[in-house]
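Next come two complexes, and both contain chain A; in the first it sits with chain B, in the second with chain C.
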Partner chain A sequence: MNWKRALIAATAAIPLILLLAWGFSRNPGDIPSPLPGKPAPLFALGVFAPGQPPLERKVGDTLRLEDFRGKVVVLNFWASWCLACREEHVALSDAARRYTGKPVQFLGVLFNDRAPPAIDWISEMGGQSYPSVMDPGAHVAVDFGLYGVPETFFIDVTGRVARKQIGPASDVVLNHVIDSLLAAGAQTPVAAR
Partner chain B sequence: MRRLLGAFLLASSLHAQTPPAQSDSALDARTTKLALQLRCPVCQGESIQESPADLAKQMRDIAREQLRAGKSEDEVKAYFVSKYGQYILLEPKPSGFNLLLYSLPVVLVLGGLVAVTLAVRRWTAQPQES
Partner chain C sequence: MTGLLAHDALLVSLGIILLGIIAAPVAVRRNRRDLIALAYGAVYTNFLLVSIATLCMIVALVSHDFSISYVAQVGSRSTPLFYTIISLWGALEGSILFWAWVLSMYSAVAVWINRKREGNLIPYTAVALLSVAFFFGVLLIGPANPFKPVSPVPLDGPGPNALLQNHILMAIHPPLLYLGYVGMSVPFGFAVGAMLSGEVTNDAWITLSRRWTMGAWAFLSAAIIAGMWWSYEVLGWGGYWAWDPVENASFMPWLTATAYLHSVVVQERRGMLRLWNLNLVMGTFVLTVLGTFLTRSGIISSVHSFTQGTIGYYFLAFIALVLVGALAMVAGNSERLRTTGRFDSAASRETIFLLNNLFLTAFMFTVLVGTLFPLVAEMRGAKVSVGPPFFNRMTLPVIAALIFLMGVGPALPWKSASEAEVKAKLGPPFIAAFVSAALAFAIGVRPPYALAAFFFVGYALFANFREYWIGVSARMKAHGESIPVALGRLVRANNRRYGGYVAHVGVLLVALGIAASSAFRAEREVTLKPGESMSVAGQTVRLKGLAGRQEPQRAVIAATMEVMKGDKVIATMEPRMNYYATSSAPVATPQVRSTIKGDLYLTLMAFPQDGSNATIKMIVQPLIPWMWFGGGVIVLGALICMLPVYRRKDVPVVAVPPALQPTSPPALEPQLVDAP
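Up next, the complex of A and B:
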């Protein structure tokens, strides 16, 4: 009977169509990160770009993630050769200034780049309010599962990765994520180190 | 004698903490074998062994360092999976949703065989009925 054939054809075709629809709705370039919800990989990296007062750190100082426990950490991987990093630069630098005095630490991590062009890039962009560190051998980048720049990781007050932003971070995303992590952090007692 | 025994015990404990030495060529071979199984995250379907990308080279170096430090190939693979997810494996494990990927071709071939068998039976049965 015709309706039987139609039923068999639909039973065979619908799962395939759903599977294809699911596949086409995904960006094959996006790699889902297993990090959100897990403790952020620890690091100790040297400052090469100091940032500006009051957020500046001395060039050569070692910054450790553990030192920022109790703060929301905004970890931005960037490079001077990265065009999309230009898009988010002002938003990040302004946001870092706006959250001065609150438990928020912005930190830039240079990815596959050298300090001289990166420093030139910062001056060309009108400065960077927060410090940036070098990541020799991309060890920290790989620890964070990085596959391109810019990528920004939001780490909560307990040291867990709360969110990964792939591509340029906007004002709206920065405000929304940082405010919600600060609000959550106010209710979370941070264990003493 | 006691000093000699102390020195011997110290040497034994140091030896226990140091991963077994391996020649550079053996380490290279293990790194290459492992790197061929890991996907380069900034390339299209290439392994980190085949890709000339900076990140692929850095990942090869990290794999090599971890193997040199005494980690097994499975442990190094688990490290990369913990950072990039199953995506990083060029051959994902046949479990969970991946199972569908492995089983779908078999299911389709079996389904095709059943359909062909039924069709052939029908075609061969028709002349006898008429």
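Up next, the complex of A and C:
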């Protein structure tokens, strides 16, 4: 074994390893929306799970996207049969509570699921702080180009889709995206909207 | 219950693996054969334990045990049993488990076959293979644990990814791919074993690693073709290759393994390229790991990407270890790998093998650069995707050169050829090449690259068949044998050489299919009302109607299309859209009608709610089935190459002139005619 040669050869591997390591610094799930800069598809969906005070909405109420103009909307598609949705549940529920009083609206959209198992799921998971709506026929999911669950869309104060998170959302991602959208929203004069 | 059992089995196997890794070197140093038995036993036991875990997963999937995370993730009560079983490899964790199982199986077989071999090669090979197994074992109890308990237990799951339960090839392509991909670990094991034991100067490991590479290569070739077929049959765009990172990941090790299978012959016959071959074996394995990393870590976006987690970090650490270790070991041993032979002449088979290796390696690096480039570009702030135009432009000249060499190599003798010999051997195929290109031109091929493809494929096909004919006719003259007998005996006595030519023909058929289908692809997209028809490239189809039906796991909307010949209906086709509960988008399911001349490909693109019309994409492409057939021929060639060594009892082996005496028995190939 010629150790000197071995050492020189081994260092040749370092640039490639560094390149691959750098690849991790990006969040592959955080991809620009397929509707960049375009208005989010409008919807009007009925609440089936009320959420908890102070964020609760009455069951049966119809929530419209245009009602949230001026707020950052966090639209989370989920289902009771979805394993990864369990992972992000606490982060979402906590984040919604944390932003209480700020112009942020969290909304869950149930995807290809029925209300009874979804309500059971919420209570098993210790509750959901914000309301969830039904999407009969998955029409809204199709409008948003949903690929699977969970997926989270971030809609800015002007009603445009700003970002989309594929896969479970984390605290870091939620804080980062919501804060930057709030900051951008504060600079937009309300009259101009 | 099954989850606990499986998890414990994997945990115990980790301990056993460590035991084996420690036992073998100690055994070799202290010359304790009993400890070597312990190391081998660790390999067998690991196979047993991983098999138990895999079996547990299958039982859990079949019994819909949603308390196990992987089942809750890919299982569903409405999925048919068959697709439930094969969802074992449908998502990340299951695929890692399957991977570990294939590796443990291969390792056990490789060690068992060679358990009586003297020397330290096999004990160290066991150490190398166990080390790889250790990595996958860690993944399975850590970041890719498929047996995590789920509580509360869901009542039902989403079922496998819709695309993956839409076609039968999903049952064939992935296992073939794993058998090929993981198979490359075994030659790597032998190479590391040879270096650690100091037996790298002796060619025994080369024979072993060549045989195992051959087998893995056959599986990998079949897997790549099956993958092309799957994407063609399922994805609805009528294509079969998109230079997606996952496709590249399977293709790169195939290129280096192909290079190795050629250059290893040069080492066996002429004692050259020793260091190069070692590099190819190590490189092939590194590329399999790199490919897996790229597609499992999610750092490069691909249609095939698995969901991500922390697994990427583990893979990165593993790659770093393997890469640094491999480079250091090879460089540290490089001085010992002196070449004993030398190149005598430019006009010789070994020169062509060398060129073939250079082109294959250049090919691999081109694909590697194209695959990694988006990452490099993003480092500098630009989002770039490298698509088919880059790959097609960069690789076509290399492919043309390789095809040409496929015709030249078999025709030239070893060492050196006289000018007359070169002319006699390399001249005639040019006639076939011109005829083939002219024929292509006559039927309307115009793109220069396609004409060049027909030219070179014609050359190489003729040259390879001619080698057969030379061999057969020589036997017929010398022994008075009939054609089939002469052919059979020729191949049996020189199976590696003539098996290689069969594989060449397979590759050439695939090349022909690619050239023809891309030069002549014709397509249209038309919205039809029932009774209306459309035509592409002289073929006509008529929409009969549109109907929906419910199947257990999906809803189906199907267009009934009649294939017309004049006024007569000669066939009915049914392109569909399948709606799976858990997928928001329907899965278009094309229908293909194949004849020897080519394919008619129909996809249902869209239809209105009331079903009053249907938008149909119609694609006509010639020679597509030749690619799938060519894939079969490649595998047949590889199987012929793997036939056990054949020794005629009535012919003394000393008949081979001493100068040509091969260094290993299977290389008995210079005799076109049996020795006197």
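Convention: the second predicted complex is superposed on the first by the 156 of 193 C-alpha atoms of A that agree within 3 Å, B and C clash if a C-alpha of one lies under 4 Å from a C-alpha of the other, contacts with A are read in each partner's own complex, and residues count from 1 in each chain.
Methods note: a residue touches a chain if its C-beta (ideal position, glycine included) is under 8 Å from a C-beta of that chain, and two chains touch if they have at least 3 such contacts.
Note that the coordinates shown come from a computational prediction; the quantities given were computed from them, not determined experimentally.
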Which of chain B and chain C A:Leu42 touches, first, second, both or neither: neither
Chain B versus chain C as contact partner of A:Asn112, first or second or both or neither: both
Chain C versus chain B, contacts on chain A by residue: C
Contacts of A:Gly137 with chain B and chain C, given as first, second, both or neither: first
First, second, both or neither for A:Gly148, with chain B first and chain C second: both
First (chain B), second (chain C), both or neither touched by A:Ala79: second
First, second, both or neither for A:Trp22, with chain B first and chain C second: second
Where chain A meets both chain C and chain B, residue numbers: 12, 31, 112, 138, 141-142, 146-148
Contact footprint of chain A on chain C as seen in their complex: 69, 72-73, 150, 152, 154-158, 293, 297-301, 305, 307-308, 312-313, 316, 319-320, 323-325, 327-335, 372, 375-376, 378-379, 581-585
Residue ranges of chain B in contact with chain A within the complex: 41-42, 54-55, 58-59, 61-62, 80-85, 87, 111
List of chain A residues in touch with chain C within their complex: 1-3, 5-10, 12-13, 16-17, 19-24, 26, 28-29, 31, 79-84, 111-112, 117, 124, 138, 141-142, 146-148, 167
Residue numbers on chain A that touch chain B, as the complex places them: 12, 31-35, 112, 137-139, 141-148
